[in-house]
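Before anything else, here is the set of structures, which you'll find just below.
Each of the next two complexes has chain A plus one more chain, namely chain B in the first and chain C in the second.
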Partner chain A sequence: MDYRVITQEKLPLFLSALRQSFLLAAPVEEEGEVYFRLLEDPSQVYLGPRPSRVPPKIFFFPPTEPLLRYRREGEKWEVFSAEQDPRPLILFGLRPCDLQSLKALDAVFLASPPDPYYAARRENTLLLGISCPEVGPGCFCVTYGYSPTTSEGADLHFTLLGKFYLVEVLTPRGKKLVQDYASFFAGETAGALEAKQSKEASLLAKFVAPPQLTGVKEKLPSLYHDPYWEELAWRCLGCGICTFLCPTCHCFDIFDRGEEEGERLRCWDTCLFKEFTLHTSGHNPRASLSARLRNRFYHKLLYHYERYGVEGCVGCGRCVVFCPVNIDIREVMVEVRRRGSSGF
Partner chain B sequence: MASNPYLPHLATLLEVREETEDIKTFRLAFDDPEVASAWQYLPGQIALLSLFGVGEAAFSLSSAPLGQGWLEFSIRRMGKVTTALHQLEPGAKVGIRGPFGRGFPCELFRGHDLLVIGGGIGMAPLRSLVNYVLARRKEYGRLQIVYGARSSRQFCFREEIFSLWPQAPDTQVYLTVDCPEEGWEGHVGFVPDYVAEINPSPEGKYAVLCGPPIMIEKTIARLEERGFLPQHIYTTLEMRMKCGIGKCGRCNLGAKFVCLSGPVFSWAELKEEREKF
Partner chain C sequence: MRGLTEALRELAYRLLREGEVELFLGYSWGTLPLVVRPCFATRPEQVEAFIFNPLCLPNLVKYLLRFEGRRVAVVVKKCELPSFRQLLADRNLERKKIRLVVAPCGGLLDPAKLQKEFSGQPLEFIADRGKEYVVRVGEEEKVLAKQLYLYPRCFSCPQKDEDLEPEDIRLEFSTSLPSLEVDPYAGVSYLEERPAEERREFWDRVFKRCIRCYACREVCPACSCHECCFDPPLPGWQRTVDWMSKAHWLPEIYQYHLTRALHVAGRCGECGECERVCPVKIPLMLLVKKLAKEIQSLPGVEPGILASYSPDDPEPH
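Entry: the complex of A and B
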């Protein structure tokens, strides 16, 4: 791997320079919350401890987007693909969990037949990761075997070490970027790798009793009919916030807007709404909230992995932090390990 | 952009047949001859029909793939898209995506007897299978068809079930209605009980079912009591679907998506699943 360093002062200048050739999106603070936004002014970038409220999947799988457009002329219908913004995008400030979550989404959207809209945006976007400055209250990335400084999945990855960032150059596209913008970087990285390691160690030491993954997948099948899911559903409001803010949730609905001329849209949907699986006949295979909540946890903790060999949860903690009734997937994992048996 | 699997092919409605008061069969042909010749399907597979400005919904094909140059879908008027479909006249344009999923294992069935059991609109995909088998009559053994409807007015495919199929070689059709009615001389009662009465032998036979979930569940129990092995029982699952290509997430049955792994499953496969359909 290739390494560079960039000073804290030069980082906004680098980002400003990028804006000449790219769309640039990064976390910013708005009304007390952190959101990824297209940036006008790189000095606004939020580099504090909180992760973005809405995950950066919005840039690849927007909450609403057209899948096609249609137009009627007399008896003729014209149907065509929706256009996309062709300008290349740079996403700066992706957390290690954000980067990991793209593996889970890639597994779905790039599986044959690939989703052309998602695929085109992935292709057209450079990923600039950043190590987390702190461990947040909902965080449990370590459960999934990576850390707040893991750079996997990024083109470039930034870790703040004192007054400068260590920059890991992880892909040919990342390499081209540091070459094209060479004046912002220095090649002298003596001691930086060791500094990153000790930073990682100090962050890892801050996790208090993260849930263990061992046995969760093995034990879940034995708990399918356990009363636990009903107990959990007593609290659940079925609001779906855990799915809308989940960086790996990919479910969507499709509907048409416009009669003679319009677009067929997809928009985020959630398995916690009863309409999600409601048949036109009135039959509903997941009629109860407990069945829907159970499906969500099985999907996150088991089904996604069974299907794709990629974890369906990355431990970002958004569902933990934003659940209005404090349903905590980490506690679910602990309960599964406690109640379940693997000899099913 | 790479090819867009969400783009339907345009087709023209050639003919509409009224099957019952709320079921119509729609015959459609693709406008593009290249699409028409490339579009190969098996009985049991599904397609998504589009009415632009209304929406898209999943249906199984009710025609058999016999090189006719058209497709048929038999559709009950239930919701938004089906109600709009029922208002169409020949000449109307409909979008078609597919075919999706896994159809009936017609190759596996070859050389065996078949017991085909349908309830209500569930007969639609089974009609495809029956006509596929009848077109290759010598390659399959005895064909028994059990078909139940709420009343005799609710039977679809009347020419086939009353005349064409009973006259086909080595083919029996058993019809039943839920309640007694004036003028109906045939069997009265629910499908699972009728199957028990017919008492089919499992020897060298595959059973293929489609209908309401309760009918499927009870009929499978009757078949298993008679010694049918789970791997010799097939059914096709109705499931709400949107994308048809394993992305939108709503048709999952455990880790499987019905649009990709189904809609046809053997009972042996379904028994493995914890989730009930």
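Entry: the complex of A and C
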């Protein structure tokens, strides 16, 4: 791997320079909360401890996306493909969990045959990661075997060490970027790797009793009919927060908008909504909220792994922090380990 | 304020043990600092989890719908009584089966404001001194001025608990909230006076954030329809053209919010839950307050009047 450093002062200048040739998106504060936005002014980038509320999956799997457009001419229908913005995008400020979450999404959307919309966006986007400055109250990345400084998945990864950032150059595309913008970087990285390691160690020390993964997958099948899910669902609102804000959730619905002329849209959907599994006949295999909530946890903690060999949860903690009634997946994992038994 | 929590647990224990209720609905600490969550007890030994303090934000009355026909006790604050009465009327709930437990509330505190001050540290509430709360943080005692930390909706606290049934219970504890003399429509009036262009920019900006998660609807006691017009009755690919779609685009988002605001107008009890649960902080109360203000400006009309019911209605829902 290749390394560079960039000073804190030069980082916004580097981002400004990138904006000349790329679309650039990064976390910014809007009315006090953090969201990824296309950047107009690179000095606005939010580098503080709070992760973005809405995950960066919106850049690859937007909440609403036209799949095709259509128009009727008398008896004839004309169909056009929906065009994407062809300008290359740089995402700056992805957390290690954001980077990990793309593994889960790639497994779904890039499996053969790949989803052309997702694949095109993924291809057209450079990922600039950043190590977390703090461990948040809902975070449990360590449960999944990585840390608040893990750079895996990024093209370039930034870790603040005192007054400069260590920059890990992880891919050929990342390498090209530091070469094209060489004037912002220095090659002298003495002591930086050690400094990153000790930063990682001090962040890891801040996790208080993160949930254990051992046994969760093995024990879940035995709990399918456990009354636990119903009791948990008493409290659940059945809203879309935990799934829409989850960086790995990827369900959608497809419908048309416009009668004589319009577009076919793909739009976020969630297993927590009651019409999610509604059949044409009127039958609903997941008619109760407890069945729907159970499905969410089985999908996050078991099904996704069974199907793709990749974890369906990355421990980002968004569902933990933003659930209005504090349904906490970490607590669910603890309960599953306590109540369940392995095998049938 | 440990005494209040103790009294609540004793009450819940007695009601459950003597079989007066099948379910006691209250609050317990959650898994994150300063977060309190709804808590359900069906057996006397579960009551140890219950607490009551100024962080008990959720309005629990809508949960009653899930237990229709069962005997339930539910902890309420004064400001939630209007939403309770509306729910009772809208859904013709059996009042006899419901025991309200009115908690003495001296004003809720805003966790976001506290978080800034005491990030991560647990608080213990010691006393309510009217204008301030005394809390313990670690080893230290601190005084929190309500003026600074109060939860927004508490600035317009109704301060009354009328229309209780004899079986309902008022928990006794010394709490008080001095009258704060805040105009509940100040935010609305401010916005009304802005030029139209500025208002549009404001609403466009906040609504653009909406992720259509419907948490605002799910939590709302006035949104109790069995079937909501925004829940498609058919799978997407069978609906042909969708005129009430879930697209996350501004026209659709406006359609959702304006429809919802009009559906709850006159029935909204202003409990503020929609705004509390919104994950992207959309100031939804501005919309419902605007409608409440309009309704109040009509001569001889009180909020609630747009939905009146006959108790003898053969088709109550």
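Please note the rule applied: the second predicted complex is superposed on the first by the 344 of 344 C-alpha atoms of A that agree within 3 Å, B and C clash if a C-alpha of one lies under 4 Å from a C-alpha of the other, contacts with A are read in each partner's own complex, and residues count from 1 in each chain.
Everything that follows uses one rule, which is that contacts are C-beta pairs under 8 Å (C-beta built on N, C-alpha and C of every residue); 3 or more make two chains touch, one makes a residue touch a chain.
As the structure is a prediction and not an experimental result, all values here were calculated from the model.
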item	value
Contacts of A:267 with chain B and chain C, given as first, second, both or neither	second
Partner chain(s) touched by A:278 [first = chain B, second = chain C, both, neither]	both
First, second, both or neither for A:255, with chain B first and chain C second	both
First, second, both or neither for A:316, with chain B first and chain C second	neither
First (chain B), second (chain C), both or neither touched by A:307	first
First, second, both or neither for A:192, with chain B first and chain C second	neither
Touching partner for A:239 - first (chain B), second (chain C), both, neither	second
Which superposed partner A:54 touches (first chain B, second chain C, both, neither)	second
First (chain B), second (chain C), both or neither touched by A:167	neither
On chain A, positions contacted by chain B and by chain C	253-256, 258-259, 262, 269, 278-280
Residue ranges of chain B touching chain A (in the complex, touch as defined)	1-8, 10, 50, 52-57, 78-79, 82, 91, 93, 95, 212-213, 238-240, 242-243, 245-250, 252, 254-256, 274-277
Chain B partner contacts - residues on chain A that touch it in the complex	67-68, 70, 72, 75-77, 79-81, 84, 108-109, 111, 113-117, 119-120, 221, 224, 250-256, 258-260, 262, 264, 266, 269, 271, 276-281, 283, 285, 295, 298-299, 302-304, 306-307
Chain C-facing residues of chain A, complex	30-33, 35, 53-54, 63-64, 137-138, 231, 234-235, 237-241, 244-245, 253-259, 262, 265, 267-270, 273-275, 278-280, 320-322, 324-326, 328, 330-331
Chain C to chain A touching residues, read off their complex	30-33, 35, 37-38, 40, 58, 63, 66, 120, 205-206, 209, 211-215, 218-219, 231-242, 245-249, 276-277, 279-281
